[in-house]
């Protein structure tokens, strides 16, 4: 019985220093939040910042991206890597005072795997045996077993290296005593889903009208210690408005948790205001330039020419105002899998790029159709730079701006593009097969259709290893191979930028990895 | 008589509304992209996608999808928004008042102020007020509303702190807290273009009417100057403006899209942008239904005003 | 009614000078100072954009990541934009796209709107009913929907914008032409033409359409201005001219970030000022044209 | 005692080289109950004279000089408030074109009542009653119902009668009637002339009757004043003028009028040419270029308006050919033979 | 006078679509025959349908009943293409010369338009003919490049005439050709029309309400009242012996520029308005206003029977639509008979 996990004493989330104040803070989310605020069930990326305030996960990461206890005080993994047993923290209560038990875990799994609900995060639980069948509408027993009120076991259909990253740190329980009374069809959209008023996180929702004026109140029973703010208001707005609003004193916190972020050109404006603190932290979202293997980029030399042509550092400097790092590896530098020694680092080298192109016999008369989604100005700005830099090596790139939705269709369904930029929202996880496996051309986000049996095999192997020491040799090979083959040009990992009006709110310290707002610690000034 | 006219107008509106929604439906479906793209994470895999498509009824043939929508719409059910998963009616009803308030206030502002300036300018053509108004007029039609909006925010919200920068009500307040202050900047940004146009038209129309013989008749009767201007000149000068106003309504709703985005105004403009970008068909169709009904109503109101102002038409 | 005032007694000038309308229009324009101003500025702008290749100090698309968003100076008269491109050069080239879209979209809208309006107004009846309803449908269409769809289907190129905006803007011109056609179809001189044996087509082409020219010119002028603004708004929503092609609109839309608006005015003031100047001049020119095109107003 | 004395009235439109002298040095007086007919062709300044009396000329581009004395005061010097009391109340004008002179968006009743109200006549109910009476008085059929009609619901003749009723509303001392019968049928025309004659006879209303139809003048005028190119060229009592026209223009005018009471002669006599461009009128006699009898003097100098030498009743003429003196008066001899 | 009939209108009915779906019967059964080279004048009350008859004869508005024979062809059954062809043989001169000229065309283009319509080509090709036509109507050639607003009223009407003449039509219909003109110009145009008619043996139909002009121009006169012809005859009969009470009233009301005659003339003043074209009375249209009927003690027949055009009897084809007119000279009360217009007698008596 191999075991991982930490002791219950190193609780990371609790902070004794926080006093229960009467303060209110207003938080701006960029973009629409969508109706569903049920953890695990919302399909909206922008909603994450809100659901984080409502929920807690079983485990969390520390600074080194190692697991630390959260709702679970301890976990054990069977030697074959298929059975995980979690011990739940004792004395935890939902915001209405109902005790938190293993039933609440089951309730959440059941809800996510109900054929009548939809969720983008099915991967959190899909390694568990029987879940896929249940979701597909076949009768199936799920590999979940309640041992007692504070202990449960899940059985996986196969060993899975990223199970803890997903089920452990992303999955959140749902209140069984509430959810069991809700019809499955209402789980995504019912009243409770839209305004969860029984939560396990630092806040619960008190009122909501549409996308605006969501109001949350402090959870008196929060397990992680006293919540600093009495009230938290959430408002969805556009980037410019958010920046304006915080400058005008109408908003107190912009938590870099939405899909759109504070524009680099606004950082200076914000910083120039003495009350506003700009907080930057590294993020695992990778901006990626996809090259279509099925049209013009089947030749590795051409792909390498592209990466040599680009000045990614320069781009980060101008487009992101320096707030980001060049993406050298599929694993972000703060990931435990990242290893600078095994990867090839590319810097701009126009001569070499030209050489590679001519070696590959590139036909300069061809136009390269570059699909650029609108919405994120850093992307549209970068696309122009990319176009110009590729022009210098003799690639005739034509930009076609389309809305994001169209871009996704053209990239993932129709594969009708030569170049395109899309973001890969990263989760700390060794499994990158959705981005690079042959199968993922049809089913994942391997939009360019890169195919390499060796890589396929490495990725498949790595997933089955649950010990870091077993994983490391494989992930090293994976990142090395990917950096050599250049299936995509990974442009950068952009820093998340949060802004806080320190005159109103204190102690906003987001954690690296972009995972946790730690809103429980916020206090009012 | 008037009632029959109204009813006829409304009957004529039915094909317009249906036409607008059909066209809308065809166009959004002609565009690449799918509602699934924003509902299903690309990394979630095709199974989830398929499940979602079935759930939304997107796997059925297009004409059937539209007809189902129409059938339900006729019965008062505009369906559920894909994005917000709420009844579209609810979404629209929540936002319609905001847009109506914004566009309506802008319309009133543009017409009341525009007519007033136009009349003053016409009474003293080539005078100082006339010159000033034409300068403002030129500025009004040459500055994009988003630039004006941002400038206004910069000056009045950030520098002078006189007015709030965005939103419709002050956060945390309930009801209509600070609504008036919030209304000022967006309304000004939205109204300025129409205001310029209205001023120009009023001036031209007034100048023309003031040369009419019946104005001379009125003066010759010994009426006061005010009465001549208001009762005789203005009333007749308004007729062409009514037609203009009928055309203004749709264009104001169009303009509101940008202004709503700039000022974070919780109206239908933003909803429209979002629903197009997300291919939220039910919301889109609902909106196009509402827009076309508004156009029909706008036409109708213009028509009625026209009839009331113009006794000649009233008889036909 | 009968205007037996000035014209009736004005003795006929024994005209020997050339009366060909082309030169008469030109002469009338030249006599109008604001029109001359407008024309001169428009010509300067058009020439500047046409010869942008010669005048522009830099390649408008050339990025310089080391000199991004630099204030005027450093050899860049108007500074550089976010990607380090020369603002002045872009401004010059941007005129091409903006003016082309402005003029192109207006031409498209005229090509659609004028004949439809003339037919609807002249013939009335069911034809009028159908055309009017179609106009309503198009009017009740949020531009944004079309912009997204067109951008996705046709690509957000200049040509697709021209087609798109033309397909939206024809409604106004159609309505205007229609109302004039209704007013003119029973005019004495139209009845006269009919009594001479003129066919409907000839009456429309020779008599109705010329009488709409004044309105069309004014509307077209407004239209060009309007299209430039719409393109700017579409750029603001990310749906304008495709980069890296500069347009005044997409240059201006850089100002959508507050940082640029307040801190880097050189990026947006030049295009804004150019749009203003262009629209003002086009307006002046349009007013002059309207006068010049109508023989009755020409010599006033 | 005349009710109205017009002296040296001149009206200029615009300024500079394009200025139009629409009326030049016109003087006349008008006694109560008298009807002065102003004739002359289009553009000769008839309407402008009347509008100047009402002070209704556009202020921005017209200059009026001379004096118009009414009720002991110069109308041209009245302040706006005083002017308002005179207009419509003491002096009323009936305009040339009934189609456009009525406000299309007000009922005719309202337009009549408005006049009375602004001059404080009667109570609300009275005024309505009186409006109906006035309409009946001018011979509008079904007058009571027509009070609420809009102008477009009435025929041209009816509208003209409404205009007249409006002018009569405040029982003015002077009525200025500007070509009020041009648009009318002869039968309606007859009715209206009858009405005006009645008013001047019974109530002593002075009328300035503007027309270019000499036949109508024969019916209504006491005194006829012929205008040509802004000037008075001939003035006499109606029968004197129509029976013994002297100035070549008047003679030509009469000669070119086809007559109902004569079967057709072979051709109508005509006045060749057209009136001079008002912007570039010749320095001499305005009619010189069209005049069969013109001599050098006519081109050089403007003839004065003087009493005709050979007439024994008041008869003023403006023609060198009729002024006795050195080198002038050549028409006096010819007249007997040529013109009679 | 006439060699044969050029225009032969029978039972012409014309109605306009009026508001609320009603039909306005503007012309209600008109028969007219115009011989070649003849001048027919139509006079009558305003709104009686004169212009409508004129336009219908040219096929400019569709007839709702009856036949319009032109040179042996029936215009009412003709296709629009054939009708357009035929237009070259019949032309119109309009009342308001200014309104009938396209303000955006030069005089040359306007006069050349019939040629370009029927023979193609542009002004350049037809320049000589245009100049010829201008000469014929007394327009100086320099005006060819002017616009209508630069011309005087008389010149404008001459342009209209030149345009009508350039195709050398057989028939000209002139609708109030001089009504909008100045007194001194009116005579010039009347003379011109008369000269042209004589030199070219034109057939002319002139619509006018100026009875003096008509007396000067006409060979024959038709008097219209309320959509009908109420009296028809040669000029002399109509002016010397008007039979229909309406014609009599009309002639008595027309002024004469001799004060002595005017002041003493007695006029027949017509009370009331003509009947509405929507609902005309059963019997005679004029009966409600008819002084003759009043004088006869309101005979029943006037209110019940619609009178037909019948020979008056004093000359060939002088007809009138009145139940009593034939008896008028003998049976009518002396008062009314004396109202007959014999201006010369009367004027001389007064003088």
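For reference, chains read A, B, C, D and E in written order, and residue numbers begin at 1 within each chain.
To be clear about the criterion, a contact is a pair of C-beta atoms (placed from the backbone, for glycine too) under 8 Å apart; a residue touches a chain by one contact, two chains touch by 3 or more.
This structure is a prediction, so every number in the text was calculated from the model and none was measured.
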Common touching chains of chain C and chain A: B
Pair joined by more contacting C-beta pairs (B-D or B-C): B-C
Whole-Å separation of chain centres (CA-atom averages), chain A against chain B: 39
Chain centre separation (chain B, chain E; CA means) in Å: 55
Distance from chain E to chain D - Cα centre to Cα centre, in angstrom: 30
Computed distance of Cα centres, chain E from chain A, in Å: 92
Chain B, residues touching no fewer than two other chains: 31-33, 150, 153, 158, 261, 276-277, 315
Shared-contact residues (touching 2 or more other chains) in chain E: 152-153, 182
Touching two or more other chains - residue numbers and ranges from chain C: 2, 4, 8-11, 148, 152, 237, 256, 258, 262
Chain C-touching residues of chain B, taken from the complex the two chains share: 12-13, 15-17, 19-20, 23-24, 27-28, 30-33, 138-139, 141-147, 150-151, 153-154, 158, 247, 250, 253-254, 257-258, 261, 272-273, 276-277, 284, 287-288, 291-292, 294-296, 299
Touch list for chain D against partner chain B, complex: 51, 54, 56, 58, 60, 80, 83-89, 92-93, 95-97, 100-106, 114-115, 118-119, 150, 152-153, 163, 166
Chain C residues within the chain E interface of the complex: 2-4, 7-16, 19-20, 187-189, 191-199, 202, 206-207, 210-211, 213, 294-296
Sites on chain E touched by chain D in the complex: 45-47, 152-154, 182-188, 190-191, 194, 209-213, 215-217, 235-236, 239, 249-251, 253-263, 267, 269-270, 272-273, 341, 343-344, 347
Touch list for chain E against partner chain C, complex: 55, 58, 60, 84-88, 91-92, 94-96, 98-106, 113-114, 117-118, 140, 142-143, 145-147, 149-153, 155, 160, 163, 180, 182
